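Read from first to last, the chains carry the letters A, B, C and D; within each, the first residue is number 1.
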Amino acid sequence: MFIINYIKEIYSGLKSLVVGLRRTLFYFTHHKEIITEQYPDNRATLNLAQRFKGEVVMPHDENNEHRCTGCTACELACPNGTIKVITKFDLTPEGKKKKAIDKLVYHLELCTMCNLCITACPSDAIKMAQTFEHSVYDRSQLTKVLNFEGSKIMDGVE
Amino acid sequence: MVEELSRTEEGNIIINVGPQHPATHGVLHLVITLHGETIQKVEPHLGYIHRSIEKMCESLTYRQFIYVTSRMDYLSSHINNHACALCVEKGMQIEVPERAQVIRVLMDELTRIASHELWWGAMAMDLGAFTPFFHAFREREVINEIMEDTCGARLTMNYILPGGVLEDLHPSFQKKVKDFIVLYKRKIAEYDEMVTGNIIFQNRMKNVGVLSAADAISFGCSGPTLRGSGVSCDVRKIYPYEIYNKLEFNEALETAGDSFARYMIRIREMNESIRIIEQLIDNIPEGEFQAKTKAVLKLPKGEFYQRVETARGEFGIYIVSEGGTTPYRIKFRSPGFSNLSALDHMARGGKIGDLVAMMGSLDLVIPDIDR
Amino acid sequence: MWSLSNIASGIHEWLSKTFPSTVVTVVEMVIVGVCVISLFAILGLVLVMMERKVSAWIQIRLGPNRVGPKGMFQSMADTVKLLVKEGMTPTGADKFLFNLAPYIAIIVSMLLMAPIAFAKDLTMWNLNIGVLYVSAISSVSVISILMAGWASNNKYSLLGAMRSGAQIVSYELSAGLSILCIVVLVGSLNLNDIIASQSNGWWIFKGHIPVFIAFIIFLIAATAETNRAPFDLAEAESELTAGFHTEYSGMKFALFFLAEYVNVFIVCAIGATLFFGGWMPLHIGHWEAFNHIMDFIPSSLWFFGKIFFLIFLIMWFRWTFPRLRIDQLLNLEWKYLLPISMFNLLLVTAMAILGWYF
Amino acid sequence: MGNDELKIKLAELFPKATFEEGAEWIQMQIEPSDWLPMAQTLRQDASLQFDYLFCLTCVDWKTHLTMVYHLSSTIFRHNIVIKSKLNRSKAEIESVSSIWRTAEFHEREVYEMFGVHFLHHPDLRLLILPDGWEGKNPLLKDFEDPINMIKL
């Protein structure tokens, strides 16, 4: 009885090993199953998800106009102080003073891509971009000014 | 460690496992006392990745603090976020639309599968089989892509808001999830071939790190660790939240209490998660994905506790509110912290190789323990 | 016909004609030494590359594919990296033993090369106790591991070394017993005689089931003796970080690394010699025509083909199985392999006496 | 047992305890000196069997500290919350790590984060904070760390 159990044990053990070996041999011989993506080489064919949260950007139209009113809703919504809105006062054609942004400073190094600033923005001035290659040599390069040089607020955005 | 300290009087030697060690999956530091190869004592030293999230949350508003919790148990970040959102909703009595509930549960279960996939690969790698790690990542990658499509991120999804979810499901979501289910069912058999059935693996796992039911309860273990000892503790079943009471699924239970029982529970949990997803994927109700909430959330004065079942066990969040926009005190009850406290009890008398198997079967995520 | 033995004897004749006999011996030794060292280097490069590719394909990856065509020069780049790395000796280590250990490891594997017949009539040292020599010398390799583990003054290293000591000593038994099976059948310890006895068919086919069992046991024991997964307890990456060579870096680490691969090569060479007929082409009984065709393939190709097949088997094991625990490892040896191989030896002896083989 | 029944039972067993209203679970306010015998009763009473201590924490109310114990029973599935006010200058309470072993770790965490001393704790040392930590306990409300803490 002991001998039979002993042999059974060896047989079942060896069988389980052979099953595993067969599976790995399958992958060894089937190179179609390889899933490696050769990243920097496949940049051209890389498909990023439309909603991928890479960094916050402020879209500008062809007249260098954006939609930001400088209401600081995004600054308040941000959990880590990533966004700083620096405002100034512009003179409207009617001669009134109007609040506008001087700089919208964005610290990419602090951002957790939580999307709260985008949902908080009442005028859809900022959105998430799909870029993801953010590495730079100096931390200060990660601090960005989102509005372009000399840009204005779009007409009709309040 | 200084030479004098490294040797105890009984001729035992003291070894530092970690903070940088291949088996601790992070910066866990265990000081183990060895007699030959046999473990006499395991003493965890924590805090290498302690960020004091509890203190941090005290200065964040109820919308903001959810995103910090993703950084605790990063493998089930969505479920952590879910717990926070549920707790805030409970306090403010926000009615969440049914569509949002279904979406949240779907995402929870996908996260659970992704987390268990990674654990499965890491578990096999701890025991010296490197191949399963890569195979597990293949399936996990598919889930990550589904997440990326809908949530816009792969690991820390930041998809939940109090009152619903951030965005509606991506149009391709249903098709991709169905494809994943087909793929998963084909590949899970391979998992059994490569790891579960393997005689070496079974011998390494069986009767290793045995935790009796009474001990497991006393140590406050939860999730697969407690269920492996035969105690029913699935929060989804016992204290159902969202729509879990309407769903059909079994709670995986094993009675052996050893590492292999915990392993089998996780494998079966993946199958149950697939079952839940199958029930929901064709029945996502139409409607709003977000309830209307006020611009500034204020929790009424009082104390709120919410627990959910993450991939590692029972995650609890305890909010003490003074009625302001920020919580007065937040406590996260993380499953890993309690599970880790049982490690010393389990490991005594085992070999170093057993310690690795036990840590693997506890599925420790260090930021979750340190918080 | 052009063959390695012709070249060798040609060189020998030319040298004897031009130099006195002492100089001839010295020059020949130098030539052999250079050949062995270059074989070492090539083996190291090829086997590392092979391991990386095998593991990559099993793990559904591509493997090295950047340096040179299809990543062929990756292991060259690795060698250069290891050469220029700083070789550190930890403070508190026994400096002499610490630096000596890798050289012992490499010397042992060099010594093991001596009796192997690489091709027809190509042996460095036609030793009449070749099998005994191999099993004796291979057990010296444990000394280098123990030395490295002890001298590193690191507890992980010490544990790894101790594990390795227990492991190699016990697995030598079943390896020896399975080798004995063939020795019993052939009646000689000379590796060349063993090869010659397989001219009408390899032992693995001629010897029925007992020899097949002996081969399996030899394969397991060889894997264990070379510290390869699933028996890589001396290194046990996830338990002991890197075991006995935790503290080694740079070239000293590279020597251990090289010694491991050369040891794998050697045990596979021994396995191929004993069970697969060494350089002997595939001969089937009295099929003269078939045997004649097979003879056209050079004998060294046959030999290396068989060795690389066995090496692939060992690599395949490594990338499929989890690691055993130390007590299970010893259980496997003492409770399973040793009784089976003893019983098997009995069977083979009976078979040899009764002549029940082809 | 429903919440109401449980409350009656608890009021019977612990006449000195006061109950807070309006929460999801029963909240019992007790004196720190009563805690250890009470914990034993909670754990061992056949109709209570609170064997699962799932959350142990402390809240700093600036005037005093409050220990909060969340208990549950894996047999009856009922939950209670036990609270105990501690003096801020001399925060001491009996350790319950002999009853619920998970408390050992949780109490060590509370000890270093709030400075609560647990009497008869087997191994009351720093767990998360680095060895030789000096200064205030980090989760207290008046903790200041001008270097590492960023105020937004």
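By our rule, a contact is a pair of C-beta atoms (placed from the backbone, for glycine too) under 8 Å apart; a residue touches a chain by one contact, two chains touch by 3 or more.
All figures in this text were calculated on a predicted structure; none of them were measured in a lab.
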Among the remaining chains, which ones contact both subunit A and subunit C?
-> B
Averaging each chain's C-alpha atoms to get its centre, pick out the one most distant from subunit B.
-> C
Closest chain to the centre of mass proxy, which here is the mean CA position = B
The distance between the C-alpha centres of subunit A and subunit D, rounded to whole Å, is 41
Measure off the straight-line distance from the CA centroid of subunit C to the CA centroid of subunit D, and report it in whole Å.
-> 63
Can you give the whole-Å distance between the Cα centres of subunit B and subunit D?
-> 25
Note: subunit C residues in touch with at least two other chains are 58-61, 319-321
Residues of subunit A that touch two or more other chains sit at 17, 20, 23-24, 35
Any chance you could list the residues of subunit B touching two or more other chains?
-> 131, 138, 194-195, 198, 200
Per the touch rule, the subunit D residues reaching subunit B in their complex are 22-25, 27, 51-55, 57, 59-60, 68, 70, 74, 77, 81, 100-102, 104-106, 109, 127-130, 138-139, 143, 151-152
Contact residues on subunit C for subunit A in the complex?
-> 54, 57-62, 65, 316-317, 319-321, 336, 340
Within the complex, subunit D is touched by subunit B residues 44-47, 50, 52, 54-55, 59, 90, 215, 217-222, 231-233, 238, 302-305, 307, 314, 316, 318, 320, 328-329, 331, 333, 337-338, 340-341, 345, 370
What does subunit B use to touch subunit C in their complex?
-> 6, 13, 15, 21-23, 34, 37, 124-131, 133-135, 138, 194-195, 198, 200-201, 203-204, 351-356
In their complex, what parts of subunit A are in touch with subunit B?
-> 12-13, 16-17, 19-20, 22-24, 35, 49-53, 77-79, 112-116, 119, 128
